[in-house]
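One chain, chain A, links the two complexes that follow: it is found with chain B in the first and with chain C in the second.
Right, the complex of A and B next:
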């Protein structure tokens, strides 16, 4: 493996990422499944870096799941996205920070459509104005929030309490990085590092002391793929894609998987439970499954934030083996307690617990 | 008088050397300009040539003899920046504020090999055991066909059409030579490593030259080369450092995944950068394929749309050595005809 070859490709795919004053749009499913991730992002940007990040309470879903599930037409989703841009304009912001990879893909696809088909942009302006009386501008800068964490990865490294190093062996942790398809596979120029050898997550792993694994099915879909899962009859196909991916990465002994897409994280996490239940198969070492982390969760761990405040306990595959490898301190008794100390119900059948 | 006429030939590859030699032997004075330090273009880097597996050194010797004529002045390390025409005479502006005057010009700037790293999904320059057809020729010459770790490769794949017939990289044309080169190289691999298994992944086998089809047949019957119709989608590396290729086998109608020890990318041909620079600086027309556009595809394939400027060889389209030499001779004939018409 020649690292210089990758660096040459990365140099072709460097995008401009705004430095401050972000209009932040949340993800529908991330708030449910990884509730600590977005909270950490806001904390990191506002409280640690002192950046201006604004959320508008009128922001809604982008309807991306409906769009990819063929129940929301293109004209509708373009108008919904235009409404978000109108909220941004009304709030006085020009830089949009998007939490969800599906939304990022939707926004990117729509803006590209408007560039190539200006009549669609005009139609959308008309639809939005007729429906809401609002007007909008296309953002000056659009970044996925993983782009933003990538941009500030060295600041995180400088403030790091932990490195991605196995405490016992002193060796870098083996990390699988998995970008969502809609992050850069549709438009490689909008992803850090492009689509074939993306560096948005790899750059974080490198900066924080880990080692990126390149394995044969690295580019393969996580298994979600929208219609693969949303159409119930296709779910076996969804699962078989995930199995293929884990079979391929297993020989490289990954310590964890890092993702930037809510769908990827959810499916690679929860399908491991299914694979274990159906066939008794696990893909990590010592009979364990492989923790799947979001980039915000990983950044938070590196900075020494309490794993339970980051929401790691809400994954199906639990992270304690990883926390021990790194040497991260945690209190098992507080895992399912609220901030004011009340005990929450403890989920059954968690993996690695 | 013919001997007073002076022609500048830009590029001392096969076409330029042949054209220079032909004109010199007809009594004209020729200045042969080469941007690199030595003559011979791409041929000098090749090992054996199809279809008869002649050693390329023989061709280089022939070309050197042609260009070594006393009427040819060879100047290497010279980059042509711009062509100007005043009162029927050309002034060639070169690197280092140089100037060369001539009565006619033959542009023989040749081609560049497609940079295979542009097909990012193929992993050239990233995975250790992926090489190009040009790299393989160097290995043949050294008689060292080895993997990066020194092992002898036992399973070798050839990928056709790398940078050719590929809209994604902006090259819709066929480079013409890659299919037959792959056939020849696959056979060479078998000659060097008799127990190797060799696979060619192709879109179409375009065997359009003399003895090409025969060579293709021989490669299958005598050497057991496997031909699989399917375009490569991606390459990766497994834990054992084997290359994993994914291809759609379009004859079998199913996806195919295969482990290989070595992968050879059949890099296509593109208009050379020096040719493109010259076209831009001097107003020479290029076609949709970015090669120089001849004045007429049927009757003037050596002529540009500027009187007195002629083209020779692969600066007009992908071309093999045989065709390049013929094209260069035709360019020389056109130059002589141009002077004859001036006199009459």
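Right, the complex of A and C next:
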């Protein structure tokens, strides 16, 4: 009986994640800054698991950064998202896989708004029809792409070439996980583990042999703050919040940071460069900065994918110290080669290089 | 004077974001903006629930409503189920509709956001795309960013796509008919009128400030002023 009670209590923190047939929507930031991550996700789903994942070239931005930058009205973003749902319906899909935490938050906010204010749903249907002649259904299942990697984390562990273990010491790697505010702080029921026990990244780290670090500012915002980064005059806000997180995690000696949201990934990577330039500060050990990885990049590394096909070379903080710790084999000469093997120029002044 | 509280009530985010605040201050305790700026979301919520019209007008013209980063951490923690950030979003929308946003340094920045992210949506079909993030305006992106932009075709080809070309893949060219639909959605839902309001009020403010303004682009004195101006008295003392 006690077990039943426990299961009932924890059921609030579980999330149903579809198994197959996904309508895939890219992220403005992930595809601009970490296109290798999206490439890996599609490769993993289609070629390794044999799943059906469809991408419609007519899908556009959700306008989420404009909405949270307060230039795009709510009625407008609701109708843009409704158009995405219409493309999904027309393509014959009911499960949506979203590559961006800002978009994911937008989708959850809009679907919840339609539940609380059914007249808004009707108004959106009218707007969309008037603007485009399209009609839509609300998705049956909505997953962030990290939810899907989380769902298949044990399959990845079974196929893993590497574990998140320090090759020299045999100890699990210390990993900071950063969920991203809009994943589940707004509508906890849409996230794995809700807002209080988010386990979408922690579950991956555990399954792949690493150790999750708990530190005081674990749930603090990365500092994006939309307008607080978009406008140059405000960027002190963004940088200061990132510094607060790094100061808080530093004593726990993280080997790397794993992120859920493409924006957080970009800021935690790039602000480390800025902090080093401005004040000479580094937050890793041995005078190095801390590599920041997306969950797709980490899954790819664990599976033995070439780090340079995942795009790790296009971060500001380079990941070789981490690759060496795990014992991942890599070819330094392949790092800046084109798809067909031509040598590209080698960028200078990267961090940890 | 118009009844601002009534106008706010027409925004469902205001209705959803504010039930009855008991002034506990948990939102302020968790707020990243409150730590950085001279900012207290508890006071904002308390002020708007008082319904004091003159005070709400001051708020709509103030720097204060522009300090929030919309991380929404306050939503998780409010014991009464309020969302101060949603209240702030409703205030920001109203401030722009009424033209009050140009009264504050931080408010005037809405013009810069409209001319960058806002127009990227129509131009490219993306809020953000690599080619719209110039190294000159984003020094924090570091040398790797200029490298990626200088070698875009090769970088994106290795990462599975053909940048700025039609078809599926990362940073594909968004088809013209999709961009036309986006524009039409903005027209039908009031998004275009909202953009026009930001433009109209900003143009008027530029004239008042004696700054050169142009109807397109970011190469004008008013854009540079609002994008970079920081009188540096926004912070916690």
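We take it that the second predicted complex is superposed on the first by the 341 of 353 C-alpha atoms of A that agree within 3 Å, B and C clash if a C-alpha of one lies under 4 Å from a C-alpha of the other, contacts with A are read in each partner's own complex, and residues count from 1 in each chain.
The working rule: a contact is a pair of C-beta atoms (placed from the backbone, for glycine too) under 8 Å apart; a residue touches a chain by one contact, two chains touch by 3 or more.
What you see is a predicted model, and the numbers here were worked out from it, not measured in a lab.
Peer 1: Tell me which partner A:68 touches in the superposition: chain B (first), chain C (second), both or neither.
Peer 2: Second partner only, chain C.
Peer 1: I want to verify the contact counts: of chain B and chain C, which reaches more residues of chain A?
Peer 2: Counting contacted residues of chain A, the larger count belongs to C.
Peer 1: Does chain B (first) or chain C (second) touch A:6, or do both, or does neither?
Peer 2: first
Peer 1: What is the contact status of A:120 with respect to chain B (first) and chain C (second): first, second, both, or neither?
Peer 2: The second partner, chain C, only.
Peer 1: Does the superposition put A:35 against chain B (first), chain C (second), both, or neither?
Peer 2: second
Peer 1: Looking at the overlay, does A:241 come into contact with chain B only (first), chain C only (second), both, or neither?
Peer 2: So A:241 only meets chain C here.
Peer 1: Let me test your reading of the model: by the given contact rule, A:304 touches which partner, first (chain B), second (chain C), both or neither?
Peer 2: neither
Peer 1: Could you look at A:314 and tell me whether it touches chain B, chain C, both or neither (first, second, both, neither)?
Peer 2: Only chain C; A:314 stays clear of chain B.
Peer 1: Indicate the residue numbers of chain A shared between its chain B interface and its chain C interface, in ascending order.
Peer 2: 195, 219
Peer 1: If we count contacts the way the header does, which residues on chain A are in touch with chain B in the complex?
Peer 2: Counting only chain A, the residues touching chain B are 1-2, 4-6, 8-9, 194-197, 214-219, 251-252.
Peer 1: State the interface residues of chain C toward chain A in the complex, per the touch definition above.
Peer 2: Within the complex, chain C contacts chain A at residues 11-13, 16, 32-33, 35-37, 66, 68-73, 75-76, 89, 92-93, 96, 105-106, 109-110, 112-114, 116-118, 120-121, 125-130, 133, 137, 140-145, 147-148, 150-151, 154-161, 166-172, 174-175, 177-179, 181-182, 184-191, 194-195, 198, 226-230.
Peer 1: Residue numbers of chain A touching chain C in their complex, please.
Peer 2: 26, 28-29, 31-33, 35-36, 38-39, 42, 55-61, 63-66, 68-76, 78-80, 83, 105, 113, 116-117, 120, 127-128, 130-132, 181-182, 185-186, 188, 195, 219-221, 223-228, 230-237, 239-241, 244, 270-271, 273-274, 308-309, 311, 314-316, 337-339, 342, 344-345, 347-351
Peer 1: Sort out for me which residues of chain B touch chain A in the complex.
Peer 2: Touching chain A from chain B are residues 117, 120-121, 123-128, 234, 236-239, 244.
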